[in-house]
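See structure below.
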Amino acid sequence: MSEDVIAEIKRDYIFSLAAQGDRADGRKFDEYRPISVEVGVIDKAEGSSRVKIGNTQVIVGVKMQPGEPFPDTPDTGVIITNLELVPLASPTFESGPPREDAIELARVTDRGVRESGAIDLSKLCIESGQKVWMVFIDVHVLDHDGNLMDAASLGAIAALKNTKVPNTKFGLGEDVPLPLNDVPVAVTAINVGNAILLDPSLDEGNVAPCRLTVITNKEGALAGMQKSGVGTLTPDQIKYIVHIASEKANVLREKLEGIQ
Amino acid sequence: MSEDVIAEIKRDYIFSLAAQGDRADGRKFDEYRPISVEVGVIDKAEGSSRVKIGNTQVIVGVKMQPGEPFPDTPDTGVIITNLELVPLASPTFESGPPREDAIELARVTDRGVRESGAIDLSKLCIESGQKVWMVFIDVHVLDHDGNLMDAASLGAIAALKNTKVPNTKFGLGEDVPLPLNDVPVAVTAINVGNAILLDPSLDEGNVAPCRLTVITNKEGALAGMQKSGVGTLTPDQIKYIVHIASEKANVLREKLEGIQ
Amino acid sequence: MSEDVIAEIKRDYIFSLAAQGDRADGRKFDEYRPISVEVGVIDKAEGSSRVKIGNTQVIVGVKMQPGEPFPDTPDTGVIITNLELVPLASPTFESGPPREDAIELARVTDRGVRESGAIDLSKLCIESGQKVWMVFIDVHVLDHDGNLMDAASLGAIAALKNTKVPNTKFGLGEDVPLPLNDVPVAVTAINVGNAILLDPSLDEGNVAPCRLTVITNKEGALAGMQKSGVGTLTPDQIKYIVHIASEKANVLREKLEGIQ
Amino acid sequence: MSKPEKLIVDGKRLDGRGPFDMRPIKFTAGVLKRADGSCYLEFGGNKVMAAVYGPREVHPRHMQNASRAIVRYRYNMASFSVEERKRPGPDRRSIEISKVSREALEGVVMEELYPRSAIDVFVEILQADAGSRVAGINAASVALADAGIPMKCLVSAVAVGKIDGEVVLDLNKDEDNYGSADLPIAMNQFGEITLCQMDGHLTEEEFGRALDMAVDGCKKIHELQKQALIEKYGQDITPDVAQPIEGGETNE
Amino acid sequence: MSKPEKLIVDGKRLDGRGPFDMRPIKFTAGVLKRADGSCYLEFGGNKVMAAVYGPREVHPRHMQNASRAIVRYRYNMASFSVEERKRPGPDRRSIEISKVSREALEGVVMEELYPRSAIDVFVEILQADAGSRVAGINAASVALADAGIPMKCLVSAVAVGKIDGEVVLDLNKDEDNYGSADLPIAMNQFGEITLCQMDGHLTEEEFGRALDMAVDGCKKIHELQKQALIEKYGQDITPDVAQPIEGGETNE
Amino acid sequence: MSKPEKLIVDGKRLDGRGPFDMRPIKFTAGVLKRADGSCYLEFGGNKVMAAVYGPREVHPRHMQNASRAIVRYRYNMASFSVEERKRPGPDRRSIEISKVSREALEGVVMEELYPRSAIDVFVEILQADAGSRVAGINAASVALADAGIPMKCLVSAVAVGKIDGEVVLDLNKDEDNYGSADLPIAMNQFGEITLCQMDGHLTEEEFGRALDMAVDGCKKIHELQKQALIEKYGQDITPDVAQPIEGGETNE
């Protein structure tokens, strides 16, 4: 059977299951696959995490080093987020410079952290206008079995919670925990026929016309959003997804509790 | 009909017209298409211009910012000229890093400005050896209908005439006009059979064996020259082109009068 | 005849010759092709050499300029070795960024110089933590007729022996010879059947399953080693090659005597 | 401009607009000779040129799709388009914008009519004010129509933001710099959202209002797009969309 | 750690090991869902993930080999794997390591079974201690077996070094920083060397001992690799190598 | 050298040459083993190696031309060829020089004899003095003949400049640094100009004289090129150009 035919069969299967209120792996529409969050998995990093959502697996490392602030924000730390879709993680990833999917994932992860004010950047000034902390968030995807966005975002925030500012290493005093203000959480949904499914599996993600990721903060307000893919969503669908994303984020946020 | 056959027909048509003293658009051999020069079209730039020669259209923006001088010219401003053949401008342009045609156009434009001493670079020193003005001349081609060289060169000098040194923005006093010494003008010719045609249209440029661009200053002296293309020119042909280019440059220079 | 068939015939020929104790060009197993070493061939470089081994030909230029030391070695000069397999040198080399073969050759050449302590880097400090000498060793391959590794390595050390520290140029006093401690020499061997051949010609190198390069210092100790290629060597073969490489290095080292 | 004390004074924004007002918008279709279709758009301080080439052959061949045309989209900022000179060439921001803009338009193009070919959309930002990505989509949509590419409908786009705690339409650069949320939205004529991004801070309630405001803004822009095409062609060449649908059904 | 006075005290190395002891090693085969084969390895402080894809189609086609599969190998360090953040992407060091690692493994893969196809080996160094290249080869070898790629045998690798003038097995990071030689070796089950690099300073006699020590180390690692595969598959799936040969004949 | 007061003293240039004298020039044909043709040239302080490969197959195939060979030209400066070390690899200057040099030679190669193939010309500047581009063309022309590529004739090149207000042939580096015009010219044996660039300042009258001086210089260089080929082949292998033409007709 050609790949196109297989894709067609998978699509029909997923759509007809959804029409009956069902999913291929038996989950409810708003149910995530099992989630595990470990921290401190990379000793060489200032903070790190390994997050699994089902078989999807990412490792996030946070490195910090002093650097120059931007001229217009002389007292503010700098966040640099990078994400690598290394070819180890999927038969469809390729070696070479990051492509648009990797860049989109990195930038949405970055905006989630940045726009929610998760990191208190004002406390990351070392010497005004001269030296501030650069926070490098590097997301390394190891196994892509769907919904990388939520895994990357969850991994980033878990690694940040695990991060110690390495003052000792740079002769700047004692190490202290990275000052955090908030815990933004990304929830991604797809629409399949008239069904809205959370945490799309790889197959579901592939057949869905588009995805919507909603990032909410502790108080349930939106900090970021990204539609990805060619399909459309009605305004009502978007409003519905925003609503359930903000509820579901609280459930995911529990996975991060107690982490440090 | 294949592209090769069409090209062959166009070639024959243009050559036989020229043999009769004629051109496809009815122009005289030394006649330019209609030229328009507007300045101040980009508010964000220190100087800008939009030049049309027939349907050929370029926008040139000049940006200035303080930077380090070259070690061997500590008191001299720096010119950096760039030209983008963006794929919007022609079906034959491609995305990606600039290719040899774009680099050649940029470098000839740059040499015209530089070698004629058009900009008084000695007045662009801010602090000797430490800080001088960098003058970025960016030529953005919007529509390529032939003779980009003359359009780019004319656009560059028009934008420079329109440029204010942004002293205010960098706390260096009042804005003043960019100090200019000269107004170099490029005139491009092709030979078609035994005819020398100025301002080649797209089709003329494509069928001509080569082009010769001659850049002359206000006094009619040469400031630059570039043969481009595989064909040859006799010494006499070159001398003839130099002669009419210097005359025609005065006509083009009128388009720049009053501009500021 | 297809290239594969030709390659097969060459392979059989070289292997059967070797089984009879012979080589295509009549050399003994441990015999090098004629070697010539010239120095001072490039006036613009601080030191230079042209080395030929048979028809293989490289030019090495050494340039020196002041630069910043690495933070962890504030009093130590810096070596940067680069090698270009320019497409002029072989029908199989291509334009573009250096590929793995060029990188491997450069890095093995670099390690030979570095690990043998050939250059006394402690004498290349200009101002502790601020400024040290950067030594750029650039190997330019002109003709690739086999055994580039030994030619590059020999060329590098010859050019270093020819190098004057350009103090005058940078207002730091008189020019002095580059302080050298040792004269590492690379010897490359292949195994063909049960024969170990030194200085493989182009054809020999192409049919051999792998190469082993052994770099030894003046005292006969090892400073570097690199197996290159898919084939295998037994531990005994490796020990044998190490042994004869260290002996043969003395012969090659004679070519460098008196050079300055 | 350094940060002003207030961005809304007596119900008016600093440039005199009310919360629902957009900046001046001027579309001109068919302005380039070489491109198959083009549109020049001034949208507030944005100056945007869009061109379309295609359907045309795809190189290299392995990028061809046997059953439909591929759509490519390049959003590019001129070096002189912003306050501090931008290095030429794509950066991470423009790569992301190109991706979501392509996705915003691809669904309305009848790609199945041109298997193995490419439809190339090039957007040059000659001057950037806030909202250059939505300006680019608006201009590209008109350029596609000008190129005669068969489409189900036009796509229209606008951004909504929040300043001084209020949700307002179409931020300008100063509002964007000192505002607290930005929501670029694109919509087709069926009322379906084709681009939806957001950053900043919005409550669920504010988001709902912002989205409704964007939908209204897109409808106004659609009228301007249609007019620009009528101006060039002397007749309405936009596709005939029987009955625009105001949102679909969900499993709420 | 700043340079200690001695790296060997009373015959023990600073981490308590004797000269012939390796650091703790743990292989886990088959840990990734998407890859055809995979292996996670902790080797001292190294944390390494290896994955294998293939045999699969080669793009672009001109890279195909009509008579055998091509093997590709990518050694890549995560940005956070080392003390100072590494820029993502290949550098000259990783390109060289990828080349020699590929050559260390290529000979044992039965490439002639899969003409025109590729076998891709990807090694991610998640945390680097000394010896990451040999760790990568060890993990890659198990991942190849886990992917069911037909092989003549496994390849095992270890580094030998010199500290305080003594030749010792498997340097850790501090020993590597302050030691005076490093000799990474890979060996197949026939006792043939497939990777051999060296830098530093070794006399011919020391080199001989170091090489013998590496051969012994490789044999121990081979046992651990075999066990990891038995753990996953419940049986020994490593190829049956009739009689490992202890070095070949030479013309000495 | 810092700027001297005068560059011409008593009618002699600082290196002792008169206005019409060229620097010492030495061509050696056929100096490389692997290349199909080669030439080493010392031209004043320039040391230039040129090699030619081809006609040979073109990769990738879409670059082939069905009716003729394509000519490719790479002008490359060695890192150590100039006062301050040059980063390896092409820069904008070398890309432009490669283009105009290729165009200077392409017309004399009988490309129509080898459809679908490539003729590759590689020029390495091992040491650069003023005039390295014309030196490269001169060497490349001999290397093409040495490779047996069918040509209509050789191409010869030289630069003319202006120092102390006088037009002189073949500037050296100091003259180039402190001179006021540079005019590199290449010419075929029919007296036709195949490369013509200029920068600096020349009146129309000066330009006319400079061009005539370049034509004379090219003729002298052509003799040296021919001799170098005779030296290698024992006979004159340069194409038989019936009657070199001294300029064509124009519509003056």
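Letters A, B, C, D, E and F name the chains as they come in the text, with residue numbers starting at 1 for each one.
As a convention for this text, a contact is a pair of C-beta atoms (placed from the backbone, for glycine too) under 8 Å apart; a residue touches a chain by one contact, two chains touch by 3 or more.
Quick caveat, the model's predicted, so the values are computed rather than measured.
By number of C-beta pairs in contact, C-E leads over the other of C-E and C-F. Greatest centre-to-centre distance from chain A is found for F, with centres as Cα means.
Set against the Cα centre of chain E, the chain with the most distant centre is B. Between the Cα centres of chain D and chain E there is a gap of 52 Å. Our note on geometry: chain A versus chain D, Cα centroid distance of 26 Å, whole angstroms.
If you average the Cα atoms of chain A and of chain E, the two centres end up 33 Å apart.
Measuring from the averaged C-alpha position of chain A to that of chain F gives a distance of 58 Å. Multi-chain contact residues of chain A (touching two or more other chains): none found. Chain contact summary for the complex, chain D toward chain B: residues 32-35, 45, 47, 49-51, 53, 56, 74, 76, 78-85, 88-89, 120, 122-124, 126-128. Those residues of chain F that touch chain B in the shared complex are 92-93, 95-96, 98-100, 103, 106-107, 183, 188, 190-204, 207-208, 211-212, 215, 245, 247-252. Of all residues in chain A, only 41-45, 48, 55, 57, 59, 61-63, 65, 82, 84, 86-91, 95, 97-98, 136, 138, 140, 142-145 touch chain E in the complex they form.
Chain contact summary for the complex, chain A toward chain D: residues 29, 100, 103-104, 106-107, 111, 114-116, 191, 194-196, 210, 212, 217, 220-240, 242-243, 246.
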